[in-house]
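After this come two complexes, each holding chain A, first together with chain B and then together with chain C.
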Partner chain A sequence: MKTMENRRLALLYTMLALPAFIWLVPTLWMVSLSLQPNALLARTTSNTFWGLIPYPLTLDNYLNLLAHGQVHVWFFNSLVVALGMTIGVLVLSTTAGYAFARLNFVGKKTLLVLVLLGLMIPEQAVFIPLYTLFSELGWHNSHHGLIIPRLAVPIGVFIMIQFFRGVTRDVEEAARIDGANTFQIFWHVMLPLARPAMMTVAILTFLYAWNDYLWPLVSAQRTEHFTITLGLASLQSNFAQSEGLGSVMASGVIASLPVVALFLIFQRYVVRAVAVGGSKG
Partner chain B sequence: MLYAKNRKLIATAQAVVNYKDKKAEKVITMRKTFVSMIAAAALSAGAVMPAFGTEVTLGRFFGSCQDAGTDVSAAVGEACIIQSIINAFDAENDDFDVTTLPTDWGNYYDQIIASYASGNPPDVHVMHRHRIPEYGQIGALADLTDDLMAHGIDPDDWTESAREAVTWNDRILGVPMDLHANLWHVNMDLMEAAGLVEDGRPILPSSPEEMMEHAEMVREATGQYYLAADFSEFEIGVRMVLAFLWQQDSNIFANGTATINTPEARNALELITGLFDGDYANSRTNYADSQQSFLNGEAAVLVNGTWVVDFYAEQAADEDVELTNYYVADFPTLYDEPATWADSHLWAIPASVQRDDPEVYEGALKLLAFINDHNIDWARTGHAAVRESVLNSDEYAELPHRSEYDNTVNIARDTPASARYGAIQDILNREFQAIWLTGKSIDAALSDAEEDVQSQLDR
Partner chain C sequence: MFEQFKTDLRWAGVRQNLVAWVFLLPFVFVYVAFLIYPFCRGVWISLHDWNLLAVTFNPDAKTFIGLDNYLRLFWGTEMTWRAWARPVLQGLCVLAALFCVWRYRTGELRWSTLWQCLMALLLLMFFFGWAPGEGGRWFDRRFWPTVGNTVFFVAMVVPAITLISLLLATALNRETRGAAFLRTLFFLSQVLSVTVVTLIWQMMFSARQGLLANVVREFGGVPLSWLAEPGFAMAAIVIATVWWSIGIAMVLFLAGLQDIPQEMQEAAKLDRANSVQAFWYIILPNLKRTITLVVILQIILHFQVFGQAHLMTQGGPNDQTQVLVRYIYQTAFRDSDLGIASAMAVFLFVIMSVFSAVQFMVSREDEQ
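Moving on to the complex of A and B:
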């Protein structure tokens, strides 16, 4: 009986491992290509075992990138922008989410519809007005210029509304009987309960901020204000895909390392975050 | 200024650390570490941007070259050659401080357009010839006509095609840097095996029928493809079709009317699909695939631009590369008139800089004169020079392979000027690729292309 169970488990794991491996192949290929010389990759991208084994092996692509004097500045910029955005989005989403879920005020429904409409408006549609506005304010080429336009995240508000609506009113009433005012209830009772939902919003925001490319592309034009994704892209020659493929792949690996680390640490929350929000910020 | 800001940032961060809970030493230690990180990164950011003289911002693609230095003659490749020219200007001119704003090629125009829209474009920037109508018709570019000679730039020294490249409504809106065109890159070993070499030169086809004969000869003798090109990604296939159209004295539009659904276009497309049908070329190769195919000795001819000449010459010298005997020729004439697709890189200054900031405008013009003076250095990339004095110099003739495609500057062509150039190219690429990648009929593709291009022209 136990043998049957073991066999069934082995079969199940094999069935799961195979698609997992297939899913991993592009990532493995990226890492492998990043460890091969550009001159070789100009001729073939499948030198050893379809290119999955990095032979001949070189670290030149990484060393060349890391030797660039501004890579650490770009990492720092990405970190400031991603953390700044995450904190800002958390503050706005939790307060707005609580207000929409629990408080009564004039125009609440209309305001909620307006907030959620943001889910339906593509960011490209507001790009030029936003760019012009920030230009008039003189906010381009700055950290806040990269953070502020991304603070309004309707999906974050939506997630928090859904969470706060799910919390039983008994908890609030108990706190109110104990003398807590609305802000104290929010701060001392609701927020601690909301940690899982906040983690979901935080991870979604951080991932979005780290991978953001379009807004930094137009807002940060000076190299000292580039984020890591923008900076690494700016190093590529016009035909990098054919003559500098190893460097392109090394850029991809370096830029994705913090995100991979984040995933490994908060795996449980990331899965939930993606399930809840998809990739829409 | 930036340094002062950074110091303020550091001071604020330190004040926050000191003010907070002094008893929690562990927390303070962590915060101090964080502040140190902020300080290090902020100082680094400040360190890369010293401010001397009047700042001139320069937007460009071509990639980054951190160690370009100021020795232009030692620089190799597009990114390093152009950056070394810029650096050399910077070093020689204390009055101006050039700040380069590099962007990756794929997103360059998005960034430039956004910067114009906000009224904050770079003071000088590179662009392509085909973009001139788009910017020219809205008056976005400075009219340099009357200021060039005073700064040592002689437009009469430019080739006719280069002058045309920067001229809009009879005014000069830029300084041309090169002419880059489609060439016939040749693997001489495969051609030799097929009996297609004479006096050390490849025998190029002079008619569609002859091209198919040559293709068959290569296939018979070597088992390899006759021709490779990017037929599935960028517009290189489109540029081949355009060249064959021009060679038949036809074009895709004239005087605002699309003229794509024509017998000449059908001839050009049937010629290319004939290569696929005979297995003399592979329609599914993209830019990188076609290049790999050529370098690995799997195709006798590669259709690609001037920008790869030096790279292929370098690859041919590498003993690990199958391609050993490299030659590069002008695009062959298969019909009545010689023609090949070409574009130009040029430098432009926003009209707002000319109007509002004479000092920066002066610096930008001086920089363009300096770049113009280094036309021979830029030509080391493989691109054709735009100055007659450079084209006729011994130094230019001695550049690797240059004499093999010296007629390209005379046969260079492009579609008529249009602000909708990019959209039209996209339509042609979509429809032509549909023919060889999805089996769409040539008649249907030409009809659809003509309709869509006309709608672009009518806008």
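Moving on to the complex of A and C:
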């Protein structure tokens, strides 16, 4: 019986080898190309084993990116925008989520419905009016101009409401009997409990911020204000002027490093965040 | 004394409200100012003849034109109605109607749901009947073809992703190291940004330097310039998209599979059911809800396609990969016609809301 089971598993993995290979090759190729000399790539991209093995190997592409070009500026912009957005969303979604889940106030139900309806408004439906609004405010070409629009999306609030509703009231009551006020309860009792949910919100927001393309494309017009995602797009559209295929691929690898690292370290949270984010807007 | 108590109580209520609003205010302010207000403003812009550059220099350079922008998108001259103006699309509607009736007959659809579906399909059939008659033309020749391309893209991507991720999820729903590794591998591309994905696949498909071309050349074939070839450009975008985004669907299916009672699968094993039978008779029926939700979710998600078409093919060749969001972007920021672009954005929103409403209804039924 055991060997039967093993044989079935072996058969399964053999069948999965081909799709796994297909899914792996494109990424592998990008990394491999980024490690080959530009001069070689100008001649051929299939040097060793269709270019999948980086031989001759060089780190010049990466060193060049660090030495000049704007990739490090874009990387820094992305980092500031993604971290700023993450912190902002965390603050707004925990406070509002707590209020909706646990506090009483007039018109709570109506307001909750109004907020959840916002989940139905896609970014593409508001980016034009946001553009005119931010023009009037003079907020284009800035970090906060890229951060603020996402702070208004209620997905984080939605996740936090779900979480806070699940916390038993006993903890809160106990703290209240000990004389803690609402703010102390929120800060000292609820937030420490909410760490897993906050992690989900944070990762969801960071991934979104890092990978967002449409709004930065509209809002950041000067290259020194590009995010890495946007900068990479600009490199693609003028391949000819760029320093070479290897360098472009190296930028692609650098642009992916933070999100891939995040994914590999916090896989469980990332998977949940992406699933929640995908299913609720 | 009693009066005093009542005042105290009222003060407690006011205090409670005040505290709640301290918590709520930051988010509600941002929400109203940067989502609700812009959305309303978008609808307002769509009712104007609004040139981006003109209005930037002179705020009064816009004129209110009512629903003219919508008319300019949806309508044409000499519009006539014929029963079978678009046989393919209308035929699909008839098939869908028959499918609904069949589902009703097998008892899987309620009478009210059947009724709603049939009315919607009838309405769709009626709309498809309109076309510019002799000597007439659409006011905007590109709008409906662009919508068509977007729908075509969705119709290719969604079934492919659903099928592949369902099979993968079923195969990888086990607690071995190998399965965990493969799950990671198949999910990995999902966290990449659209610009990285298009960078990779633009190179993959390149006729001069692409990996596919290199392999084809090795075997003596003539490589194809996928992204510039009519008929292949859309396929290339679809392939890149499927590669990019099976992750979400796979994760949702894995979650759904976890909910299937273990006893059922054990029972199937005892009955000597093979994997295909187990998949067909146990897994599929139990995953029906999840499949419906994943499909709707994917429709909403991929209807917003932009980056792939914008970066890989620039909408070409011959507008074949021009999609709705790219058309909105171009109309607004290349042609500076914010009025029309906003009308299209409202149109996009309406379509998305329809699917969101369906999603809401399905997940509500789920809870009952």
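Operating definition for what follows: the second predicted complex is superposed on the first by the 195 of 281 C-alpha atoms of A that agree within 3 Å, B and C clash if a C-alpha of one lies under 4 Å from a C-alpha of the other, contacts with A are read in each partner's own complex, and residues count from 1 in each chain.
One rule holds in what follows: contacts are C-beta pairs under 8 Å (C-beta built on N, C-alpha and C of every residue); 3 or more make two chains touch, one makes a residue touch a chain.
The structure presented is a predicted model; accordingly, all values stated were derived computationally and were not measured.
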| item | value |
| --- | --- |
| Which superposed partner A:Gln184 touches (first chain B, second chain C, both, neither) | neither |
| Touched partner set for A:Thr48, first chain B, second chain C, both or neither | neither |
| Partner chain(s) touched by A:Val218 [first = chain B, second = chain C, both, neither] | both |
| Broader residue contact with chain A after superposition on the shared chain, chain B or chain C | C |
| Partner chain in contact with A:Leu151 - chain B first, chain C second, else both or neither | second |
| First, second, both or neither for A:His72, with chain B first and chain C second | first |
| Which of chain B and chain C A:Thr58 touches, first, second, both or neither | neither |
| Partner chain in contact with A:Ile128 - chain B first, chain C second, else both or neither | both |
| First, second, both or neither for A:Ala39, with chain B first and chain C second | first |
| Contact residues of chain A, present in both the chain B and the chain C interface | 45, 127-128, 131-132, 135, 217-218, 233, 236-237, 245 |
| Complex interface listing, chain A residues touching chain C | 9, 12-13, 15-16, 19-20, 22-27, 29-30, 33, 41, 45-46, 50-51, 91-93, 95-96, 98-100, 103-106, 111, 115, 118-133, 135, 148-149, 151-154, 157, 182-183, 186, 207, 210-211, 213-214, 217-218, 229-230, 232-233, 236-237, 245, 248-249, 252, 255-256, 259-260, 262-264, 267, 270-271, 274-275, 278-279 |
| Residue ranges of chain A touching chain B (in the complex, touch as defined) | 39-40, 42-45, 67-70, 72-73, 76, 127-128, 131-132, 134-135, 140, 217-218, 221-224, 233-243, 245 |
| Residue ranges of chain B touching chain A (in the complex, touch as defined) | 2, 37-38, 41, 44-46, 48-49, 57, 59, 61-64, 66, 77-79, 99-105, 107, 110-111, 114-115, 117-120, 122, 287-288, 291-292, 295-296, 307-308, 311, 315, 318, 320-322 |
| Sites on chain C touched by chain A in the complex | 16-17, 19-21, 23-24, 26-28, 30-31, 33-39, 41-42, 45, 52, 55-56, 164, 168, 171-172, 176, 178, 182, 184-196, 198-204, 209-211, 214-215, 218, 243, 247-248, 251-252, 255, 293, 297, 301, 304, 306-307, 311, 325, 328-329, 332-333, 338, 341-342, 345-346, 348-349, 352-353, 356 |
